[in-house]
Amino acid sequence: MVCSIEISEKPKLNDPILIEGLPGIGFVANIVALHLINELKAKRFAAIVSASFQDFAVTTETGGARSPVNELYYYKREDGGRDLIIWYGNTQALTTFGQYELCGKVLDLAQELGCRFVISIGGFKKDEVQPVPAIYSAATDQETMKEALDLGTKMMVGHIFGIAGLLVGMSRLRNVKGFALLVDTLGMYPDANATRYALTALGKYLNLNIDLSRVDATAEQTKKILESFGLVRNIAEEKKKEEQQMRWFI
Amino acid sequence: MVCSIEISEKPKLNDPILIEGLPGIGFVANIVALHLINELKAKRFAAIVSASFQDFAVTTETGGARSPVNELYYYKREDGGRDLIIWYGNTQALTTFGQYELCGKVLDLAQELGCRFVISIGGFKKDEVQPVPAIYSAATDQETMKEALDLGTKMMVGHIFGIAGLLVGMSRLRNVKGFALLVDTLGMYPDANATRYALTALGKYLNLNIDLSRVDATAEQTKKILESFGLVRNIAEEKKKEEQQMRWFI
Amino acid sequence: MVCSIEISEKPKLNDPILIEGLPGIGFVANIVALHLINELKAKRFAAIVSASFQDFAVTTETGGARSPVNELYYYKREDGGRDLIIWYGNTQALTTFGQYELCGKVLDLAQELGCRFVISIGGFKKDEVQPVPAIYSAATDQETMKEALDLGTKMMVGHIFGIAGLLVGMSRLRNVKGFALLVDTLGMYPDANATRYALTALGKYLNLNIDLSRVDATAEQTKKILESFGLVRNIAEEKKKEEQQMRWFI
Amino acid sequence: MVCSIEISEKPKLNDPILIEGLPGIGFVANIVALHLINELKAKRFAAIVSASFQDFAVTTETGGARSPVNELYYYKREDGGRDLIIWYGNTQALTTFGQYELCGKVLDLAQELGCRFVISIGGFKKDEVQPVPAIYSAATDQETMKEALDLGTKMMVGHIFGIAGLLVGMSRLRNVKGFALLVDTLGMYPDANATRYALTALGKYLNLNIDLSRVDATAEQTKKILESFGLVRNIAEEKKKEEQQMRWFI
């Protein structure tokens, strides 16, 4: 199987934008995605299982067994704006190889549905964060970069690890445009405050009014789900990605 | 090849239930499966070899060379009850990737044969176990969970590693129902006592009278097979799965 | 590609026997295969490259660049005996996964050419070896085992690692018969003496008169080839396979 | 996807030579390739993404997001000489498996375009290097070796790691001819001096006049690109490839 998508519905969408929201630093993307799904009552149309996910099941409070999974939701706008595809899940892939497979499969399907623009969300780990956190961006092209900067973001300098970076990088190679939004976060817990700023910037770009009053509840819901998957731990113990030895060798 | 199934017969089965019994904690599942095969005179119809199994051969007492392999057996009931597919083997896959492949291939074939329900068996490692061990369960859905609890099981809390968890989790994503049965065990040897309780709960669910008088012999047979594969060792040396560093990284 | 075979000729063979001779303990199998190729003037008909081989080239004395490769040779007997397929190479695959792929591909082709019998050769590492080394065997079935014991071999007890074990184990699952011949060796250098005893047993089984006068030269040739691939080193530094931590986990 | 090539144009080429120039020791090959592309105004016709590349994006000075990628360029000569295919990129594959896939895919496409000759470039790491560095070569066959020696190269002795070695080794197995050019380098930074000597030898072989006045600028450009990918570091910290434990095991 490697990476298989089960599609329950192929929605007809209007020039849709793909928004990536898998668990990552500060879980900002993950809360953003779940919040959009909840608030917009987005509809699930695809489930993705990868052989590069963790091989276990976790139990819910009522004895339910859950596997690692990624899901795609769609939201059709009635105001004539561009529709949304929301990429949500409880895990990223465990291996570099799996990340490429996963990202490639999702892009394949999104492009089939007419998608020509992606936005990936992420946290930017800092040791100290201001109450109003900075937001950084990187884009596939100069024109899109300008649009991202117009949202009040700063120019990202450095590496964007995981799906957030891969999605924008791979999109560029497919002539799909898009940008990454990275919000300052301590990264040690599902960060509701950073999420609010990400949602605000996102809403501004999408010209979409997103109610932020339930973000804390969504962050709490995210925390519960991810704790059951063992994903929320003392981040202080984690080696910073930047310090990891490069796997590429000469 | 990655993972290849050699099918010697495609049996016509009546709404069959897939029962997973690969080696795992306390080898409970493995003894359960072998006991069912022995007692029900279940018929072997498929052999599965995966490139993710260990690459060696082990010798039998008479100089026979044996490879790691998984097998599927079927049992057709004459009392009008649902037929059984029994998943037996001397190994799980070595890698996460291989586990998904293996589980996916078996589910593919089982579903092709009409299977819509799975039961995975496992041991639940405890430092101390009562003479009457507790049995835990987790299920794909609320209705099935209720059926599992009605067998006298408790609600499982935590992770279910390996094929036992993966099978129930993956089944749910395929709209196949089922549950996992996990029996308390010290996990340090093929546990005949835990197996008896697993078989009793299973027999109750299947409405099947299983003779338990030869369980000790089956446990001994299992021990012999697995020792030749190096699978029965001093478990005390093993790092507990729970303490393993999560392979997922942010 | 994973593992690709380039076939230059599909020989018509008479009930051929596949003889495996890749580098392994004491390089016994490797010298056996090269010796058979040299003495019988066997003809190369297939080359196999696997993505699981080492990714480099080594240079020959004249500046030639050589890659890791496996090759198949055939020898047609004129005395009405069964023809031979000789599996030779300068490496095994680096990973368990690659070993299965490699072995599966070779068996696929051999079976296509009518092969129903395999013989794998190996060294059996001992700390001390008698001038007349013991030979051990393991077989796919009782009848074949009897034939192997009739050659003066002892019954193998334990694990047979690598391609030597995998070939016999996988053959059994494909209803192909065969046995492994394992000769006592210190395993620290290409062992010409052990090779002579392997060739003698093999010749007896095949009813084939093999000239042993040039075995020392073949061992020297093998040493040269394998040294350039970095395969002949101080084996004393190697962790014994048996002491390796099992990769299978519960 | 594993390794996918996106072809924007299939050029008609005259008996083309494939020149490999991925990042490696001293980045000699990488500067050579970029210099050829710049000076010859070679045209990009294919982009290659592999699941075995690093899973991240890096940012450019203007906020652009870039992924690891390999590219193929072509140069049609107007003087009747053989055309060129230039293989350029900002990374090699992370794994042995990925290296084989990548090299196989590029060779497949090159052969489809009529290529029957390859040249791989590399640095040969030395602790001390003369102002006029030595150049070494290894070839697929004796005749080609003679041509390489006629360029003033010495015979290479030892291992050629990575794509530079793999390309020549794999080409030989496909009956494609070619040689590797390896220039002495300290290997600690993008080495413009070594590159000049590689380009001179290459120009001599190709009977092509290559302007060397901008090599320093190309080396600087290479340094900038690779630094953003984290590929230019203190090589002194690197374990020498030669000292790496062999991954092959008996």
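Residue numbering begins at 1 within each chain, and the chains themselves are lettered A, B, C and D in the order written.
Quick note on the criterion: a residue touches a chain if its C-beta (ideal position, glycine included) is under 8 Å from a C-beta of that chain, and two chains touch if they have at least 3 such contacts.
Worth saying up front: this structure is predicted, and the values here are computed from it rather than measured.
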item	value
Same vs different contact residues, subunit C with subunit D, by half of numbers used	different
C-alpha-based rotation, subunit B on subunit D, 0 to 180 degrees, nearest 5	180
Whole-Å gap separating subunit A and subunit C, where each centre is the average of the chain's CA atoms	51
Between subunit A and subunit D, centroid-to-centroid distance (C-alpha), Å	36
Of all residues in subunit D, the ones touching two or more other chains	162
Category of the chain touch graph - line, ring, star, complete, other	ring
Chain-to-chain touches, reported pairwise for every pair that qualifies	A-B, A-D, B-C, C-D
Subunit B residues within the subunit A interface of the complex	96-101, 104, 137-142, 145, 148-149, 155-163, 165-166, 168-170, 172-174, 179-180, 246-250
Partner subunit A, residues of subunit D touching it in the complex	1, 4, 6, 23-25, 47, 49-59, 62-69, 91-92, 94, 162, 187, 229-231, 233, 235, 238, 241
